[in-house]
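Multiple structures follow.
Below, chain A partners chain B and then partners chain C, in two separate complexes.
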Partner chain A sequence: MTATISKGVGASLRRKEDARFLHGRGRYVGDIRPAGTLEVAFLRSPVAHARLLGVQKPTGLVFTAADLPEIRPIRANSTLPGFRASDQPALAVGKLRHVGEPIAACVAPTRAEAEDLAAACVLDYQALPVIADMLAARAPGAALIHEHWPDNAFLETRRDEDLTDLDAVAAAKVTRRLRTARQHMAPLEGRGVLAEWDPRLEQLVVTTAAQMPHVTKTGLAECLGLDEGQVRVVAPDVGGGFGYKGILLAEELVCAALAIRLGRPVRWLEDRLEQLTANANCREHFYEVTAWADAHGKLLGVEVDATVDAGAYSLYPFSACLEAAQIGSIFPGPYTLPRFRFRTVSACTNKPPILPYRGVARTGVCYAMETTLDALARQLGISAQAIRAANLVPPEAMPYRNLVGKVFDSGDYPEALRRAVAAVDVAAVRARQAAGEAVGFGLSVFCEQGAHGTSVYHGWGIPFVPGFEQAQARFTPDGVLELRVGLHSHGQGLETTLAQVAHEILGVDPARVRLVHGDTALTPYSTGTWGSRAMVMAGGAVAEACRQLGERALAIGAALLQTDRASVRLVAGQVVAGDAAVSLDQVARTWFRSPQNLPANVDRGGLEVTAGYRPDPDTGTHSYAAHAVVAKVCTETGMVTLEQYVIVEDGGVLVNPMIVDGQVLGGVAQGIGTALYEEMPFDSEAQPLAGTLADYLLPGATEVPDIRIEHMETPSPWTRFGQKGLGESGAIGPPGAIVNAINDALAPLGAELLDLPATPARVLAALAKAGRA
Partner chain B sequence: MKPAPFTYARPADWPAALALLAEGARPVAGGQSLGPMLNLRLALPERVADLRHLPGYAGVSMQGETVRIGAGTTHAAIEDGVVPGRLGEILAGVARRIAYRPVRNRGTIGGSFAHADPAADWCAVLPALPGHAIALGPEGERRIPLAEFVLGVFETALRGDELLRAIELSALPPATHFGHWKFCRKPGEFSKATACVLATPGAAPTAVLAALDAAPLVIADASALLADPTAEAARLVATLALEDPWRAALARTALRHAAEAAR
Partner chain C sequence: MSITLTVNGTPATVAAEPRTHLADLLRGELLLTGTHLGCEHGVCGACTVEVDGAPARSCLIHAGACDGASVRTIEGFGEDAVMVALRESFSAEHALQCGYCTPGMLVVARDIVLRLPDADEARVREELAGNLCRCTGYRGIVRAILGVLASRRGAAS
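Right, the complex of A and B next:
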């Protein structure tokens, strides 16, 4: 039993995958270059909106859309009423709709030569009026990006409820207009694609840095007119996803078509310039929020008009509306909101198409809700803690269904708030403020729906709907346990945590468990790694596959022990009957190599099981957290210093607390980027202005403070071990908590910050607006 | 991005380097600015002349009270104390705050000064120090006062046929006071405002304000700044008529902090 406690669910087992990563032995697309590989550089649009009249090509291998008619446009539809689909051509056809849109593929033995070809192309285009801003996109008479549409909106959603009567009864009412910046996700490894045609198998093999290899396979087959048996997608080690690699890429289609056409391996590796200029593609929201509260801070109603800059196209598979349309359902957050009115718009602009980034819409929503709550609290003269305590869903209400139908599974939200506040010496902050110091205390509380499945996604009608997650568990003849899953581990530590799950069920030492993932030829179909779902879905599927595998092993083991099934059980990797035992190694050896010793009635499926799993209900787990921040503001330069950062997090039962801490810390670092540093500026012609990481600032080790994490572990009643998805959580809370701390520091000066990131220039501008700088 | 094609030359001696320069070659020292510019295809030279292997390009020598720092001396060497005395302490303190150690391991004092990026650290400090930039041209060496070396954004007093050979500085007495302040949101970010003030016993204090997206402001007599840092910083920055109020605030703060530290 000791082994179970130290290596199974709940153990902070060291990560199995770290040996190869820490020794530089990871293998990424950029490390894979078969003999004869040709490299691709893309000629990309230098302008945001233009009619494309022609491309003069230099001598060499240069391919435009006209040269690759076998590629069908990418179409990520949604069946939400009113959604307008956009055809995204793999290479531009007719129009250019954002800077960085691929126009031609230039192919050469080296990347440098391919770039020489791209530089020698001459573009003929006619400039069109540019929609550089999502609010301008909504203005009457704005230039149309998709000319057969009546306006520049992919989708508008609304919930109409008349709230005007609240003015008469509310003790406080605030309205805030808030903006979040367009970011780029900045995984260490960029995108990369290597496409090959295998003539023996008559199969396209695409090695790509992908979070969702099976979805990529389906998309490739659809757009290339192949059957899915003709496509194999391999996702090797992937250096960070965050949503950036949860997409069917135009570049994947082009490389695939070229590999088939040329009969040579064809590779494209994204560089940082492409990533910054063509793919700053997330987080840009605008909110107008009005909130009413009674004298105790209890919310009476909220109205929100939200716009998301969705960019020029609807991307596959998540579509252009996932982010904005979600705002309506997640805005109430962890609170018991009695009345709610919203409108959301997915605005089409001449910017790179939006992708859901870790936290998806929640980071912006949390920022808007949490800063609005603090504005209400300031107006009412009550504390940030008090207004939250007055509105959080109480534990006795769990499971709780809110007014827009979200179902929260479990938890004690007010306790998380209490603990976070208790972890900070707020009185000391108040004393420093009284002495004139610009220091502040800020909070944010939020919940994160994860692992939501069929019942949630079928209503979206986007290109995929997650169903039963499958895992395969099988023994090799020497007793190694192989787990095969269709999702992908790229930082989540699944090679370790799924081994822990298997150990929990079968008692096999995690060192003897191998996770096979990232290859559609070797794994069951899966929608992949997204939506904080892997540990719930694959964890549940692995547990079920191992349970069934264990049953088969027990039957064989019982026969070897010359007893019956009812007399044996699995203990620490052995089939045990009284004092007698056979190891699972011996069981495996018997099935594969000494079948003469098998019982006559043995299950002919052998030691190989594929099992499917879905929580019931599958509306998703809700992890939640409270973030508490102490920030100091330099009123001379506008510089913000994070002095303290505390997180109280409830992710249900933690499979590996150490890995959870890592997930939370990484997410918080990204959230600090959103709060204080990261912003892709665009000029009025929608030209991105940051082309290197010296201009686009990411927080580094010196910008992330020591972060204290406290865990609560309220099991989800709906999942296999009570675990909840929390991979995105850390990235959701920081902007709200940090800006609330800044505004707390600025409040005595009469200043308030509204827009992200809270750069020194914006802090100083807020002070100037208040007449204090 | 990969560089456009160029040829690479490694001159073995100074006459060969000057000959390459005369033929239009672009000189490269540590490559910490030119390297990215080549990769981004912002610089498209036909030929690059690598100066790093020239005799005596790196290293420090003393001639009486004068310290001669080879232009190819790395920031890291200066950080690690290759320059002796009080001057060395001051230079090491500046070098320590240049970007990251990997950049400092390759980047050179001469390469940075000759590149004359307005945000560069040496451009914000060397003009405050007594000394000369030593230019080497077809006619031999020429001495350019440090305060007159940087003329504008990426613009120096070097002629097209000259290379920066060395920096010559006067040794500083132990009682020299020096203040240096720059604003970066994170290490490695280009400075948004840098200032330094040098107060040498028996001489007029000097100051530099830099990272202005223009040539550095060199203040030959900074006595007023030392006397009243806040007021004089405000007055000096007002004369620059900076458009961005934030950058103006940073410039004031930089001058004030540098002056207070030098008192």
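Right, the complex of A and C next:
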């Protein structure tokens, strides 16, 4: 292990994928345009709720749902009891249910001409009352978005436990009503689809910016009535995902059907205007939280009523309910909560359908829990650190099973809290406060379940439950190691980290390892890259495939060295017996080109192994972190400045610490956006009001401070190398920590902020409510 | 309309609709797809190229306005010493993930390095305000640029 440390598990190896991007040689969907390609512009709904009466088409290629009956509706039904099913038509049928819903595909040689066609369509519709707000969706007499339902709820989940007795015994009780804003994931590259029909193979080839190409393939086959073998999905370089590209798209179905129909390549590239107006699709939650604590801050019980604005449809594959259904099980967070009552509602509204964004429901849950804890602490007159220390799961309890059955694998949560607090000069903040400065200190502590498997997702009711992750490892005749995985790398650096895993097992130089990913014709089936699962699942699968491949190479190598299997070992990419050695290149050459030299009993599977992997138990890894923030509030303008940002993070064994830091930092920048800037406002008619990136504010280099990360490395007992999933973690903690810092700054003024993002206007409104502005 | 311009040192004459912007011309007609489009309204900076020696947003320039101009895209920097140093530094500092913002970032970074040899972290961040990255959180990008600035100052003294 020591001989390989510089390139194996634990090395901050520079990324193999960097070179092509640094020279402008990345290849994204929009860069690919075969001869004869036709471009699509979609005619989209201008209103949020209406009866669609007809479309008058201009001369040209314009297709509505009636023209493409071969496309079946998308169906993503949760298996949870009580779920209300609905179809999502690829092109609108009968009704329009949100602004931006595709109605017709307009096809022309250039996008500009296609847009001209869309502009020349005349839409006939009859407006219906609009449900623009998730709480209004449940009001008695509210207009129904899916008329065969009794009300506008996809699903309600609950855990009943009577907590009324706590009023009599608790030293403190707080109730808070909190809202998070609807956001856009806003990867820098939009979605894009290029569909081609290969008449020779009778195969549909769809090149698409996708995080889960195999799931997309299954969805395309289902909705187009094709055999899965007739569909090949290729995800080339993808310019950021974050959940936005973890979906079967209506646009993919339409482009595919058109490519088959027209016998020409058909391409659609989402532009930023349609992205912002049609697809602001995440994070919008409402919480009513009540919490009881004793005099030391020990939680006695929590009650939460959570509503998620799930939008108009249930998206494939995660369904409209993943987010809300998860809230009940993750709300207790990293704490030992003794009693708990919840109700969650996935509300159907006339807004774009919800997709899980990095962190999924955890960002909202962490915000609700962490701000509630601070409110309790303020009431009790104890510190934010003290109330957390009183409730965190202690290390000696690991592995710990909480009251809703969530299993934490390992870690020292209180130590992360201690280190985060120690990294900030809290006394200096208190001194500045005493001098009258509006500055505050805020904390959030959370854990992130990642790489959770079959049992967990089955329990959450999603229609696509992940099983064993597979990887293929094979030598090519020149001795290069090729790894094939069915998930996709779009910034996570898997081309590097999986090569590091292979190096760890086989000693092959990562420079001689190629990762093949993102092509369903070349890779084993996978549910894809999401849920912080890639490094645990694909890492484990690659390790196992390489181990088995190594066994086969050892057997051949032993024969070449004229010794037995027991006398050889793999050392630095060679089969070694005493002083003699053969390289893996020689082993590969022997199998492929000099089989006369193979031993008689050689494994006929050759130098190609597909192996499956799933941790046991499959309840997932729990990375965790404590975020500590110092924020200054300008009480005149409402502007918030982040002065310090410290993270103590435990992701178990880090396969590539540099890449892990990159994941954390990128996530934090997004979390800062959630906390302070990002919001898609809708008016009362559910019209989105931010149509450019000058209105929808993404954090830039001046908004993100220089963030300090400290690592703890408690191995997960259940994964191949002790690694834990943590790709989403950075995006979870910031809103809680930042708003706690703001509220700490505002507390002397009697003001408290409850809703995200904490824009200057909201800060000023909070001050005004306290009579301070 | 017909437009004559120099792209990456090579003269080119292309036919384009007047409403075409420079980025579409570069990507579509000249197959220089290293220039990326993130917003097409001048906010994200992904489309930044060099026009007559200065960074410019190719999504905001009509192709017609480029007649006679000299344009350099990410594909055109070859062994330019500053660009070589920046590529190295970007990789070392993990200044890129999905790579989509990277071409625009590099063009702007090179301009910062040449124009502001004494820039500190705050100034570098300010100068990057017109380039969005959704993946990295900017720390790697800022450090990569500061690293090149520092080594050039070291070499100069």
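The rule is simple: the second predicted complex is superposed on the first by the 768 of 773 C-alpha atoms of A that agree within 3 Å, B and C clash if a C-alpha of one lies under 4 Å from a C-alpha of the other, contacts with A are read in each partner's own complex, and residues count from 1 in each chain.
Keep in mind that, in the parts below, a contact is a pair of C-beta atoms (placed from the backbone, for glycine too) under 8 Å apart; a residue touches a chain by one contact, two chains touch by 3 or more.
Since the model is a prediction, treat every value here as computed from it, not as a measurement.
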item: Clash or fit (per the criteria above) of chain B with chain C on chain A; value: fit
item: Partner chain in contact with A:702 - chain B first, chain C second, else both or neither; value: both
item: First (chain B), second (chain C), both or neither touched by A:121; value: neither
item: Contacts of A:85 with chain B and chain C, given as first, second, both or neither; value: neither
item: Partner contacting more residues of chain A (chain B vs chain C); value: C
item: Touched partner set for A:171, first chain B, second chain C, both or neither; value: neither
item: Partner chain in contact with A:271 - chain B first, chain C second, else both or neither; value: both
item: Chain B, chain C and vertex chain A (Cα centres) - angle in steps of 10°; value: 40
item: Touching partner for A:404 - first (chain B), second (chain C), both, neither; value: neither
item: First (chain B), second (chain C), both or neither touched by A:112; value: both
item: Chain B versus chain C as contact partner of A:637, first or second or both or neither; value: first
item: Partner chain(s) touched by A:768 [first = chain B, second = chain C, both, neither]; value: first
item: Minimal inter-chain CA distance - chain C and chain B, angstrom; value: 5
item: Shared contact residues on chain A - chain B and chain C; value: 112, 271, 692, 694, 700, 702
item: Chain A contact footprint on chain C (complex, rising order); value: 17, 19, 27-28, 32-41, 43-44, 46, 73-75, 87, 90-92, 94, 96-103, 106, 121, 124-126, 128-142
item: Partner chain C, residues of chain A touching it in the complex; value: 14-15, 17-28, 30-31, 33, 112, 186-189, 237-240, 242, 271-272, 490-493, 658-659, 661-662, 665-670, 692-694, 698, 700-702, 704, 706-707, 730
item: Residue numbers on chain B that touch chain A, as the complex places them; value: 1-5, 36, 40-41, 183, 185-190, 244-246, 249-250, 253
item: Complex interface listing, chain A residues touching chain B; value: 110-112, 115-116, 119, 271, 273, 636-639, 677, 691-692, 694, 697, 699-700, 702-703, 759-761, 764-765, 768, 773
